[in-house]
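Two complexes follow with chain A in common, the first pairing it with chain B and the second with chain C.
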Partner chain A sequence: MIAGLVAAALVWEGYKAVGDPEGTVLFGVRVLPRADDLSMPHLWTVLQRLADPEMTGGRPVWLVVAEACLFTLGITAAGFLAGALIGLLLAAMMQRFQIIERGLLPYVILSQTVPLVALAPLIAGWGGTLMPAWATVSVIAAYLAFFPVAVGMLRGLQSPSAAGAELMRSYAAGWWRTLVKLRFPAALPYLFPALRLAGAAAVVGAVVGEISTGTRGGIGRLIIEYSREATSDPAKVYTAMLGAAVLGLLVAGLVALLELPLMRHRRHVEVVTL
Partner chain B sequence: MTAVSVEGLTKIFNQGRSDEVLALSDVDLTVGDGEFVSLIGPSGCGKSTLLRLIADLIEPTTGSVTVAGKPAAQARRDQEYGIAFQQAGLFEWRTVCRNVELPLELRGVSKAERRSKAEQMLELVGLADFAGHYPGQLSGGMQQRVAIARALAVQPPLLLMDEPFGALDEMTRERLQSELLGICATTGSSVVFVTHSISEAVFLSDRVVVMSARPGRITASIEVKLPSRDEVGRQAPVYFEKITEVRQALRS
Partner chain C sequence: MKFSRILLASVLALGACGTADTPTTPAPGASGALTPIKLQLQWFFQAQFAGYIAAVDQGFYQQQGLDVELLEGGVDIVPQTVLATGKADYAVAWVPKALASREQGAGITDVGQIFARSGTYQVAWKDSGIGSAADLKGKKVGNWGFGNEFELFAGMTKAGLDPSKDVTLVQQQFDMQALLKKEIDAAQAMSYNEYAQLLEAKNPATGQLYTADDFAIIDWKTEGSSMLQDAVWANTEKLSDPNYQAQTVKFLTATIQGWAFCRDNAEKCRDLVVAKGSKLGKSHQLWQMNETNKLIWPAPGAGIGTIDDAAWKQTVDISMTTKNQTGDTVLTKTPEGLAFTNDYISQAIEQAKAAGVDVTGSAFQPATVTLTEGGA
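Here is the complex of A and B:
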């Protein structure tokens, strides 16, 4: 991971060193971005900006960005949990009743093709009356997060072999006990990648949701605010973007932590032959 | 009392559709208490179907199945039998011990009791040292022994086995055959054993039931009385005679 960060930094600074400050234009189309200080400030400028106050005499930028990230993290977590729960319930229902799978799955897929921008104003309207404003953003995050969980979990719940299901039947286990003892544990290898996708989707949903509902206090809003100052203070908007990137990594890391205790059996690989 | 009684059993898959298959036609079979019966026949003769009907994993089209004096569905709910398939079918996220505990867990047996029971069963199949391992760490033969231990865990009066040694090499297979006989001698279980190996059927069984395909039905029932079921038994003239008899029954 450290190596990845170093590589990204090297690519950034490397391109800045060799790239055309006006960008590379081919047949009238700019194929590579401008490399001047206004478009791509030096990394150390961005880091330095983090330490400087936001406005003259104000709090340092890193503190503002960190607070905004925490605010968005809360929204993301709420959206992620709600989305994951809804996804799990939908998957269990679709596994249980084939008719629900056939009827519902197309709409589950359709739900993700509806542009978020079209939904956001509607959901934003719930803020203040049905729920606090931040919760509307969580709803948008959940709306994006439930999808990979529903689809991945359905696949996982259907993964046990017919022999496994027959074995449970031979033990006179009903649907619920088969779900708990066989289908759910068998679905975990499908669930964790789905949760990672859901985590990323929840972050995107929270950031985009903040922007499109106009919710203040989060990192999404901060990116918009800082980007207005991009011409005079180009490094500032990158501090907010850096914050968003760190937030994404943090969520991915937290989801990965969930996996550790539950996938112990995957780590032993040495086969004993007797 | 008989362990299994099958009367006038017929099974038609996909009845009334264009892909209708008559899998079993008018099958009668009785397995006595403590008897070891093998079902043998070419693939597609319905021997696995018959086993699944006895286990109440599928429903008969006509006819009746009685296990331990009860209708098959009731016997399944009362867990009157243990079952083992060709694939060990262990749950990879459970340790060997917890796999063997599974049927006990579903019966609501207390934790301490099922732990001691599972250890006892693993002792029986010679895997006591591997209780804490995960199935992925074991070879195919060892996994199959765990599956047998799991089938035995509830100490069922009846064992149903669907080619349990089919995927194993000859040496492992012969050792497990001897182990299985030893276990049955200790527990007094009746066994219905599906196989497509003539020598395996003759060596293990008190009776070999020969089936033919399309439609599946029973064509012969051959009693086997070996002097002993060990290496001496495998060399006995009667062993070879019975193998020839079963082979001829399969051909006709």
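Here is the complex of A and C:
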């Protein structure tokens, strides 16, 4: 991971060193971006900007960005948990009743084709009356996060072989017992990639939701606020983007941690499925 | 237990999305308690909305028996839609955009034209020789699109240019980097925001900030293609309710007081905006306060908020006749129904006058604001 960061930094500065400050234009179409300081500030300018106060006499930028990231982390966590839970429930329902799977699955897929920009203002209207404003952004995050879990988990719950299911039936195990003892453990390898996708989707949902609805306090809002100053202070907006990137890595790491306690069970899983 | 609470909240939210509750307006101050009011703004807190912020902070709304909550805008928040769907009691919106929403069925009425003048510029480098709309011929012209471009198109059309043939149109970001990098020859800018950003940027050639001498401004007010901007919009249907009428007059009276306060106390209002958590710096906000004041004061006609027939007609005419690059006009026909009324603002002006407020600001003199780097 560290090597990846170093590589990204080298590519950025390397392009700045060799790239044309005016950008490369082929047949009137810009194929490579400008490398001047206004478009691509030096990394050390961005880092320096992090240490400087946000406004005269204000708090340093890094503190403001860190606070905004924490705020968005909270929104993301709430959205991720709600989304994952809804996804799990939907998957279990769809596995249990084939009619629900046939009726619901197309809509689950359809739900992700609704543009977020159309959805966000609608949900934003609930803020203040039904729930606090930040929770509406969590709803948007959950809306994106439930999808990979529902689809991945359904595939996982359906993964045990017919022989396994029949064995459970021969034990007179009911649907619930089969779910807990056979299907759920078998689904774990499908669940974890789905959760990672859901984590990433929740971050995107939270940041885009904040931008879209203007919800105050988070990193998405900060990106918009700082980008307005890009004319005179181009490094500032990159500090907020850096914050958003760190937030994404953090969430990915936290989701990976979730796997640790559950993965220990996987050895038993294989015994059961065989 | 966090799981279940969140799930419950989501389920409740999903269940409630279809219910449109329209509570009837209680008589303001009838029971001694304050009437809660929501005002939807177009964007984040900034000096463009200082009058409303000041009216809240200075207790002007409270004196009228109103408890006003200011709702910030966002990228996808359309104030007139929020108003029309009953999620706010009043909204601030540009006239052409609100009229376009009206044509699509939003039941809203302009009850106070707070900004009497347009703040839209087209800014070019001084040495480019561009000084009027006609000079844009053959140039790369930046525009914001999304309904923010019609004054520019009307201005070019008026100057005898065909915007689809005589200029190269470039979709412009909401910052001024494209002009500074000379990717475009002229950029759209609001006098109170983007233009200030240019003057807050450092000229790499001199190491000093750019100055007003570096740029040439095409002001659509002098080109005769300006359109009305920030106005207070009310819900048309509710305007038939006498309680909402009375509430509207009270709301506008306090709003007038707020803007008059910011005219006379620009620096104090700058501080109020900064205290609201605006991320734009102090000198930028003072600039914006001063430029906003210029768009309001001196107020035409009977006083601030009065809708001028000629300016309204010009806005509607341009909305119906000017085509943008995709060939669309803002409106397809003359606005129907109650698009605007001076009934409430004139009552509010009388009440404000009676309370000793200078509602025309005929002696208003703009200040000279010096911008610092980054507007800090």
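Throughout what follows, the second predicted complex is superposed on the first by the 264 of 274 C-alpha atoms of A that agree within 3 Å, B and C clash if a C-alpha of one lies under 4 Å from a C-alpha of the other, contacts with A are read in each partner's own complex, and residues count from 1 in each chain.
Heads up, the rule we're going with is that a residue touches a chain if its C-beta (ideal position, glycine included) is under 8 Å from a C-beta of that chain, and two chains touch if they have at least 3 such contacts.
Being a predicted model, the structure only gives us computed values, none of them experimental.
Colleague: For A:Q98, is the partner it touches chain B (first), chain C (second), both, or none of the two (neither)?
Modeller: neither
Colleague: Looking at chain A, does chain B or chain C touch a larger number of its residues?
Modeller: C
Colleague: State whether A:S170 touches chain B only (first), chain C only (second), both chains, or neither.
Modeller: It touches chain B, and chain C stays clear.
Colleague: Between chain B (first) and chain C (second), which, if any, makes contact with A:T113: first, second, both or neither?
Modeller: Neither chain B nor chain C is touched by A:T113.
Colleague: State whether A:K181 touches chain B only (first), chain C only (second), both chains, or neither.
Modeller: The answer is first: A:K181 touches chain B but not chain C.
Colleague: After the superposition on A, what does A:Y226 contact: first (chain B), second (chain C), both or neither?
Modeller: It touches chain C, and chain B stays clear.
Colleague: After the superposition on A, what does A:W126 contact: first (chain B), second (chain C), both or neither?
Modeller: Only chain C is touched by A:W126; chain B is not.
Colleague: Considering only the defined contacts, which chain B positions touch chain A in the complex?
Modeller: These residues of chain B touch chain A: 52, 55, 57, 76-79, 81, 83, 85, 87, 89, 91-95, 102-103, 105-107, 130, 133-134, 136-139, 141-142.
Colleague: Would you tell me which residues of chain A are touching chain C in their complex?
Modeller: Answer in residue numbers: 34, 36-39, 54-56, 78, 81-82, 85-86, 117, 120-126, 128, 130-131, 135, 138-139, 142, 211-216, 222, 224-234, 236.
Colleague: Which part of chain A faces chain B closely enough to touch in the complex?
Modeller: 161, 163-164, 166-167, 169-173, 177, 181-182, 185-186, 188, 265, 268-274
Colleague: Under the touch definition given earlier, write down the residues of chain C that touch chain A in their complex.
Modeller: On the chain C side, the touching residues are 2-3, 6-7, 9-10, 12-13, 16-17, 43-44, 69, 71-78, 81-82, 85, 87, 174-177, 180-181, 193-194, 197-198, 200-202, 204, 277, 279-282, 372-376.
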